[in-house]
Amino acid sequence: MEKTTDTIPLTMNSSEEQGTVCIFGTGDFGRSLGLKMLHCGYSVVFGSRNPQKSSLLPKGAEVLSYSEAAQKSDIIFLTIHREHYDFLTELTGVLNGKILVDVSNNLKINQYPESNAEYLAQLLPGAHVVKAFNTISAWALQSGALDASRQVFVCGNNNKAKQRVMDIVRTLGLTPLDQGSLKAASEIENYPLQLFPMWKFPFYLSAVLCVFFFFYCVVREVIYPYVYENKDNTFRMAISIPNRVFPIAALTLLALVYLPGVIAAILQLYRGTKYRRFPDWLDHWMLCRKQLGLVALGFAFLHVLYTLVIPIRYYVRWRLGNQTTTQAISKKENPFSTSSAWLSDSYVSLGILGFFLFVLLGITSLPSVSNAVNWREFRFVQSKLGYLTLIFCTAHTLIYGGKKFLSPSILRWCLPSAYVIALIIPCTVLVLKFILILPCVNKTLTRIRQGWERHSKVSNWH
Amino acid sequence: MEKTTDTIPLTMNSSEEQGTVCIFGTGDFGRSLGLKMLHCGYSVVFGSRNPQKSSLLPKGAEVLSYSEAAQKSDIIFLTIHREHYDFLTELTGVLNGKILVDVSNNLKINQYPESNAEYLAQLLPGAHVVKAFNTISAWALQSGALDASRQVFVCGNNNKAKQRVMDIVRTLGLTPLDQGSLKAASEIENYPLQLFPMWKFPFYLSAVLCVFFFFYCVVREVIYPYVYENKDNTFRMAISIPNRVFPIAALTLLALVYLPGVIAAILQLYRGTKYRRFPDWLDHWMLCRKQLGLVALGFAFLHVLYTLVIPIRYYVRWRLGNQTTTQAISKKENPFSTSSAWLSDSYVSLGILGFFLFVLLGITSLPSVSNAVNWREFRFVQSKLGYLTLIFCTAHTLIYGGKKFLSPSILRWCLPSAYVIALIIPCTVLVLKFILILPCVNKTLTRIRQGWERHSKVSNWH
Amino acid sequence: MEKTTDTIPLTMNSSEEQGTVCIFGTGDFGRSLGLKMLHCGYSVVFGSRNPQKSSLLPKGAEVLSYSEAAQKSDIIFLTIHREHYDFLTELTGVLNGKILVDVSNNLKINQYPESNAEYLAQLLPGAHVVKAFNTISAWALQSGALDASRQVFVCGNNNKAKQRVMDIVRTLGLTPLDQGSLKAASEIENYPLQLFPMWKFPFYLSAVLCVFFFFYCVVREVIYPYVYENKDNTFRMAISIPNRVFPIAALTLLALVYLPGVIAAILQLYRGTKYRRFPDWLDHWMLCRKQLGLVALGFAFLHVLYTLVIPIRYYVRWRLGNQTTTQAISKKENPFSTSSAWLSDSYVSLGILGFFLFVLLGITSLPSVSNAVNWREFRFVQSKLGYLTLIFCTAHTLIYGGKKFLSPSILRWCLPSAYVIALIIPCTVLVLKFILILPCVNKTLTRIRQGWERHSKVSNWH
């Protein structure tokens, strides 16, 4: 409920009783959580090592020793570090049968063999441990600026305890997401530490592509003319060269979205079964296809913008102006070549259509959209439309090349123009895909994917 | 939980006990489901006609006869075709009180009078039938590539049984969606068979529009000049003509989004009541307005791109170059016409603003956005902003026309320019809407929509 | 389940028994609700003051006196106005232990001291009051055109009663959202009355900005030349001037997104604590940063479009044409200035990159996207990428200015060009931010944000 939650800090200062909750630990998160709960009508008891010393606690909150505090409520939030959990064993008696909410996070992913929550559950077998709230920051709790995520992942082995916690989550205006048994805790604890894990590979890959092609073009279009014609083309590094690099990156990455699928198909044909796990690199590659595609879309978007600004560039206006002037001075009409018109128009047109389909693909990969389509529709969009996009974009580049071939563009230091290199992977993918959809090949593949096996004896599961 | 689920296949190979589940059928889906469950810590027992023969079963899974397997667990997944359900009647004794999860799908929509799940419930009144998992594909279960949809629609008459299944769904890292009683099963079974049902009408309609106007323009701009001036204009088919067809399609479709609302209002005024169902064609039309609008937005987007590339087209540069040359040769300054400047700038400006509002409309129709706005806000955006968009786009076309009228553009073979035809529907809609918001008319309409009736005797419900 | 719900009105005319529900009140909403429930297989009993008189009720629905109707079902929907609730006290006997669903809405936000549902609960302590359905309109219920929102917010103090209502919500094909205890009712009742509350401030602010800068530019570029050179530049109001106003608005608003964060940091440094609430204006400002940013993005988008159409404007073509002609007549080649090429290309390039990052920010602020990222990722995007965007856009404007300085653009009536004014706020924000991330300053700030206090005695909570 977007709006409601946004306005919570302003409207939720109700004082109605919601029952008593206990919070162990008086650190920052403990205090923020306590304040929030007071706002939402709970009465809060803090448990502390030395209750006297604890300052800064929210007004209206009580502070007692751990054991006293624990007796005040059947639900206890632990806002203390895993390192200090062991002291809890002294409280085993008091904590038996209570709900312990583990809100802790670690400093790095998979820091400990088992998750903090599971470790806690081992320490206190008598208590019902529930993992929750670790994905919410103290700052977010206080300010109510919860744009990032209102989702609180909850997991635990005792369903009643889990329900109890999820009700509190809702009362705080957050959205609980049941993640099943306590086994999910390690994932929930890793979640807030991740920084776009699926994006790393696409990001580095595209960075490498860009850097390589940038320098490749610099050599051909800046250094070469400087050496031979002593011309200062450095200004090309601002727009002309990026506008070669980005489309190349976009096309290559788009092709790399469909390459793993093709490789997987070939593997399955070769192995004659689908019941063998793919090598991990292929698995991981397939899992970040979406991200690869979106990065490619980003480059395509940049390419479009860089292309559309061409006519307002000083350099272009200057060149066109001089051309026309010389033409005027030489007093001759410039003849019209239908073929050039066809080439220029058709490669532009193909580019536009390719980009349009590309944007469509991007939109359907938005979580809320892809959740609204069923599996059949998703496959249709991502594979049929996807390949159509690839075909359009490759054709766009080919015809662009074709156009260039007409104009004298020879090798420079035996380096071909960059777009020629860019065409290698896409064409390979398209050729392989074409072979795979040949009836004969396709029939076998379909049967394999429906579970058929070439040598039905062997069964390679793991 | 986007990321988590993506990485499940890599991280969830836990061996913890989750209890035993039974799977009837050792087909592809049964095996994939079994494997996934083993990964998530369940112990799996397969039920098979001839346990000896069943190969390829996941390591660690037991395979027994149906009745033996059934006794091992209180929950049984049926991964067999509806045609073979009848053999289950022999097991009535064993299956009594058990939870039967029907994962079956059909080959075509509404293949049978009642849904498979309901049919199963009739066969085994003693068992608790739950419909689930039919929207997930075996491939998705294995690879964990669940971008399409993590949603598992669940329905059943027994709430406990439903809860049980939903817990399993969550443990597999999927999102259960409670769809209510078993009555929803038929819909859930039809869901994965649908291919954009609401998009069919908009798609075909726009296809027809495009084809018609494409040939219309070809006749006027390619064939006509060829016949009379023997000029080869074929290259216009790549950009110039699409750039006439797309805006026309966009404007017409946008108008068709608002036409049904106007018709409905007129119907209600005429009938003097809102309590009579609209004819089905109108109902269906109103239900796919969103899709019509999005298709229109697509065409508008293409129109924008095709327009922005104009200055980088060979043809345009050639023409402008020659114009300037001739001007230079004739040594005369080209006088500046403020009126042309006004016309060109204002129709471009209107087009941009129209497109901008159009994009806004598109964004608010994204599921996650439209879920975050309340009814009042949605009505405001879709009707107020929507009509503003229509007004801008129509004005854009009118002024563009006005601009053209100044330049000599006569009928060709008595065919007016395409955009003239394109203006008919939008103008009609705007005029009708204008009449409907006249205070006198609007007052009656509002009263009718608040439940008032002209002849309060009659009540036509159905 | 997008599709299913869309098609519900066509497919759900099932007659299966779902049990009996009672509806008090035969107004428009009551009738629509009743009809919908009949379609979904419930049998409906209406309670009315004078059952004889009630016309227009859906076929198949029974109508009785309030007390008779109440006895027929354990769940009663109240579709009557709060003003008439008091008559219910007469029915206390019958209503004891029943589930009362309050669907009422008010005419203005916070019309009454307590929410209608809470008021009802006070009237009938014996009944289980549940708030629901007030966000759904009668029209939506009938037509099934539920694009706006399928979400039904439900709250109540009795969990069983709440569950019961949520099941009904699901059976009607809607999505129940548990909002916790009845305390949430007042918010749920306010929700449908809101009209983009968080957008009001950004909207008015940007309106003021646009109007001011529009007239500012009109004075400099239309009135000034008219007065001194008697030139008619009015046509500039269509594109040229908006294309100055929009980028200024975009840049200023973008800067205003990051200003409150800077102010907050300074406040915290000055106070030496984070445990003091910010002044309300700052709180509110921070809560609508997202909206400010999106409005800014809108202006940036318009700026891009207005810039890209420049070369197809009549005025521009006319000017360029004449330039070239004069150049041709004077028969002299126009020398190439590398510095101009650098300036023009680099400011365009910076603008494109800035816009690209800006679009990225916009996409990540889509609810479904921001829900899929964790807190760390969200902070990374919104603060790191956000500042990068601000830097690019400011640099874009600075270099654009630099370019202009070369061309003779003097003060007109002592008014500097608008973009100079536009640069004030962004530069201030960037300078302040730069100071704040200086190690010395940053260290203190971080400690404060981790809960440290300069004068640990005082504790100012509220």
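Here the chain labels run A, B and C in written order, and each chain numbers its own residues starting at 1.
One rule holds in what follows: a residue touches a chain if its C-beta (ideal position, glycine included) is under 8 Å from a C-beta of that chain, and two chains touch if they have at least 3 such contacts.
Just so it is clear, the model here is predicted, and its values are computed rather than measured.
Relative orientation of subunit A with respect to subunit C corresponds to a rotation of 120°, obtained by superposing CA atoms and rounded to a multiple of 5.
Taken over every residue number at the interface, the positions common to subunit A and subunit B amount to under half, indicating a different-residue contact.
As a whole-number value, the distance joining the C-alpha centres of subunit A and subunit B reads 24 Å. The residues of subunit A that reach two or more other chains are 1-3, 151, 191, 194, 308, 311, 324-325, 328, 366-369, 371-374, listed in rising order.
Subunit C contributes residues 1-3, 151, 153, 159, 177-181, 183, 186-188, 191, 194, 197-198, 275, 283-284, 286-287, 290, 304, 307-308, 310-311, 320, 323-325, 327-328, 331, 333-334, 336-338, 340-346, 348-349, 352-353, 355-356, 359-360, 365-380, 382, 449-451, 453, 456-457, 459, 461-462 to its touches with subunit A in the complex.
Those residues of subunit A that touch subunit C in the shared complex are 1-4, 6-7, 9-11, 14, 16, 18, 27-28, 31, 35, 41, 55-59, 135-140, 143-145, 147-151, 167, 170-171, 191-196, 232, 234-235, 238-240, 242, 298, 301-302, 305-306, 308-309, 311-315, 317-318, 321-322, 324-325, 328-329, 366-369, 371-374.
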